[in-house]
Amino acid sequence: MHKDMHKHLDKVHQIKTEKNMTCNELVNQMDKSGVMGAGTIAKAADIMEHMIKDRKCTVFLGLAGAMVPGGQKQIIIDMLKDGWVDVIVTTGANLTHDLVEALGYHHYQGTHMISDEELNKIRVDRIYDAFMPDKVYEGLEKFCKKTFALMPKEKMNIKEFLWHLGKEVPYENSILKICADKKIPIFCPALSDSGIGLQVWSYMQENKIDVSAFDDLKDMIDITWTSETNGVLYIGGGVPKNYIQQALQFAPTAASYAIQITTDTPESGGSSGAELREGISWGKLDKKAKYVNVTCDATIALPLLSAAIKERLEKYKNQK
Amino acid sequence: MHKDMHKHLDKVHQIKTEKNMTCNELVNQMDKSGVMGAGTIAKAADIMEHMIKDRKCTVFLGLAGAMVPGGQKQIIIDMLKDGWVDVIVTTGANLTHDLVEALGYHHYQGTHMISDEELNKIRVDRIYDAFMPDKVYEGLEKFCKKTFALMPKEKMNIKEFLWHLGKEVPYENSILKICADKKIPIFCPALSDSGIGLQVWSYMQENKIDVSAFDDLKDMIDITWTSETNGVLYIGGGVPKNYIQQALQFAPTAASYAIQITTDTPESGGSSGAELREGISWGKLDKKAKYVNVTCDATIALPLLSAAIKERLEKYKNQK
Amino acid sequence: MHKDMHKHLDKVHQIKTEKNMTCNELVNQMDKSGVMGAGTIAKAADIMEHMIKDRKCTVFLGLAGAMVPGGQKQIIIDMLKDGWVDVIVTTGANLTHDLVEALGYHHYQGTHMISDEELNKIRVDRIYDAFMPDKVYEGLEKFCKKTFALMPKEKMNIKEFLWHLGKEVPYENSILKICADKKIPIFCPALSDSGIGLQVWSYMQENKIDVSAFDDLKDMIDITWTSETNGVLYIGGGVPKNYIQQALQFAPTAASYAIQITTDTPESGGSSGAELREGISWGKLDKKAKYVNVTCDATIALPLLSAAIKERLEKYKNQK
Amino acid sequence: MHKDMHKHLDKVHQIKTEKNMTCNELVNQMDKSGVMGAGTIAKAADIMEHMIKDRKCTVFLGLAGAMVPGGQKQIIIDMLKDGWVDVIVTTGANLTHDLVEALGYHHYQGTHMISDEELNKIRVDRIYDAFMPDKVYEGLEKFCKKTFALMPKEKMNIKEFLWHLGKEVPYENSILKICADKKIPIFCPALSDSGIGLQVWSYMQENKIDVSAFDDLKDMIDITWTSETNGVLYIGGGVPKNYIQQALQFAPTAASYAIQITTDTPESGGSSGAELREGISWGKLDKKAKYVNVTCDATIALPLLSAAIKERLEKYKNQK
């Protein structure tokens, strides 16, 4: 390194906030400071903008964590509607909570400083500081029973199962619905590990429904094999992140863009907290990829990024 | 509260270490101090001892994180062999790494301060500071191809699939093998999300193998429904924790004992970092349960607990 | 609890982002979702707005962490200039970095993925992914030597010392300068633990400078004793947080407003990660206080809050 | 890198626990596994053993966090008594809690799941899940008043002040006492930020006591300048870590051994969570140093290390 190397680096400009500044203007200020958490938000916005605009890029969204009780559902839906995301891999819990709201139930603003015993008595389920009335399971059962009966009897994979389910969802603003309507590939490898999974189990006591545990891999890997460029956005870790990672591992093209938003840390060795660059060793991430680890609560980082990107894309559209 | 309430509480005794003290003696000292991290280790040992000794108790182990590359495999195997654990729910990654070692490969002591690009060139995969030669996939493919061909053609659930696989594992000291040999129920809802899953996908290109995504739920829920008392040990969160939780949610008996070892935190609302007490609201954890959240790297906490419990059980055996 | 209790709670509204939305509009959306990280940001904005508008309230800012290299200096300065904050307690490092920039040096946008040995060779100091040329110490020494010589010979407390120092700072946009100019009480109990402290040590080899370790407590406690209402904003923990807390502990009025922004967690028992409510037991926080723990990187949360509050206060001003 | 590079690395051996294994035997097993959290514990034991045995090495202990309420006091005392540590830098809180116990008061095993308002009513102060009766302040005041009156009237530095205080402590098993008796340099740059500091403030209302804020730096820097080899053990971060770091920064010899035990993480840029290697860029840590970051609750890691080292040193003594 040359001793004056730092002079060729950008200075850390001090973030200047203004009274009516838009979210994108704030993110642009964070880009000027360029370091620590704020710097990662700015870099994530940059990468997100690029991978959305890159018409050859297939964008995979890995979605873990309590995103629907956490108020992030509409943002996800907008991403799907506006074509920011081409493939979604999620936990069953997110789909269950999405379905719960689509059936007219709600999550409530509660608190974690409460007696869980008291909540249990009045049949309210707690998700940190969000509450969900336990009776959502009644509506869930009713809807699922009816919908499962309409499904084809032959073997399906989980994606097909979810598309069938989504088609019947009686509410537009739903992740399941939009994926079904727009035929957006939706993968949920651990669907059996969710409220929806339990409904399938219940239904199978007396009826037949045949869903394969492995068949989705074909669809998933076909996508990574045929796509020219790949981009990933991991919100939380878990199965959704890992499932995308492994599909990229053996694909001809590793990810060229990657964003990870999580509060998990790498030291304990798990996949959820692993830094993105680790994926380079495996061939999951391209060595020339643009990537950034955002260590932040997704319910804070995602809305900020979403608003900033919407503004940027609008400008871009108007420029053309 | 009475103003002298604290006088009825135990004092925080200062931990005294000695030069040849056993792990259990150290944990007993932590019990005397009783607070913060050390206090949770002591409480976890206490609960673990109780749930193992409680003959009516079915103990569920939820296993996430890189436990095999992290050197915890033998501890898990001993737990299974010695009957501490009755049911195991795990990620596919742990089973893949277990199989990798059973086939004669090794994980290596690497470092995270290294160029992942360089590692990629020499085909070494990084798991934080553990390295795995990428060619394990060759051995994996060879073994799986051969073993899958021996499997029954009719529909299986994942547990049955894993027992068939485990039976053929050519090495005694294996999680898969011991579960197969001892017919220990082993659940892996997201098996498709793993190296073993990829082998199934590869095999299915030309062959037939029929594994259901939902059928295991029957076995799992039957266990929670018929067991008199339930105890859980969650190492990490993810699908393994949640899968056990949901099976308990609708069971007649919620968990009476619960230990969670994770570095994840509750604030962001995900299931992995959720405090155990949250489960009381859902009916997953009994309101009178003994439970403790251990916020610690499992590769540190688990060996300490394992050694302490082995000593306690030996004393117990000798007393009888 | 009544079984329909949740119906009286606010629903979790899904956050809706818009293309040109302002930061405050985003925070208002977070207020509507009301839970998890986003909910804490909204609540923090609400409390901050209230404590700034409350004319009887003395607002204490506790400032730890690398706020200047992290691009937050201007936001702090604006808070001081606009009268949002009445008293500041900080680490010596923040003042040193502030002084470094005031003397014409810069921090640079570097990376943590670099050889520290190489950086050492070219004399660049790393602060995570910010770089600082080591030769700032030359300018620091020159300025301090000259300025210390101008100081009174009699005993000072640290606040007075910092005001004297700040007066000579040759740059308007400086925390030290603005505190000196506006006579804003500035406390730095561990000033000896900083680059400025080292300069004092160096100067004292041949000169006399007499600064008391304890005298500031009088000024600090006088403020908490005479203020009608107290509000606190803790950015990071450490000495700044604790110093404010202890001044409130024996004051007639505990804090009525409290915001804490940190990524530290409570389990290990340290003051930095302790939840605010713990302060109620000590009498540091009023039992009826409005308070919120924001678990977030301050370089992300603080700019968002700053922008939102600026917009709110502008509206408020215009309404009047 | 050579493609068979990994073959020259140690394998990850699976940790084998045994029923009566000593803590050191467990740490040796962790050494064999060599990775992740367990690997860092093993490496820390190795470094600690080396720096204690290295007769030329001056060992600095940086002590933050609630170590006395957390049950770690005796371990610290043993370190001081047995000569493992040559210099201690600590927070005022640790010394206050040490004094509180030396005066016959106790900390109690409480819980964090409690109403802080109720605790306040009965005058019990909470430190996470440890409780302290608020009336300790009465005893503290009485002792301090009496002891301060015995102190010399001339100017002292904080170390001298603490030695004077420690001399009068009426209980052998005390950090303050042992430092005073053995003339172990004890630094507490932010002493004013503590219960003891408040007592000085109270005393100074009517009496004179003259303690300099900067004079300790001379003593501290003299030590780092004259010591041949330096080793550091940071428990938590904060002022204690930083104060040692800065004394090393300008010393002729950077630290050759370094251990850091904390749960704080580097991403937000603060000194407390900064990785040790960052110190190499500053010249605080030697580029050839043996060092390790242990990401673990200190109340778990420290007792384990203490017991293991005691066994190792005993063997070493017997060998000679």
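For reference, chains read A, B, C and D in written order, and residue numbers begin at 1 within each chain.
Keep in mind that, in the parts below, contacts are C-beta pairs under 8 Å (C-beta built on N, C-alpha and C of every residue); 3 or more make two chains touch, one makes a residue touch a chain.
All of these numbers come straight from a predicted model, not from anything done at the bench.
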Least hop count linking chain B to chain C through chains in contact: 1
Distance-maximising chain from chain A - centres being C-alpha averages: D
Between the pairs A-D and A-B, the one where more C-beta pairs touch: A-B
Chain centre separation in whole Å, for chain B relative to chain A (CA means): 26
Between chain C and chain A, distance of the C-alpha-averaged centres to the nearest whole Å: 34
Chain centre separation in whole Å, for chain D relative to chain A (CA means): 42
Overlap residues in chain A, where contacts from two or more other chains coincide: 35-37, 66, 69-70, 119, 124, 128-130, 263, 265, 267-269, 277, 295, 297-299
In the complex with chain C, residue positions of chain A that touch it: 1-6, 9-24, 26, 29-30, 32-39, 41, 66, 68-75, 78, 106-110, 113, 118-119, 121-124, 128-131, 133, 173, 263, 277, 295-301, 303-304, 306-307, 310-311, 313-314
In the complex, chain B residues that touch chain C: 35-37, 265, 267-269, 295
For the chain D and chain C complex, residues of the former touching the latter: 64-66, 69-70, 91, 93, 112, 116-117, 119-120, 124-130, 134, 158, 189-195, 197-198, 200-201, 204, 209-218, 221, 236, 238-239, 242-243, 246, 250, 263-272, 274-275, 277-283, 287, 297-299
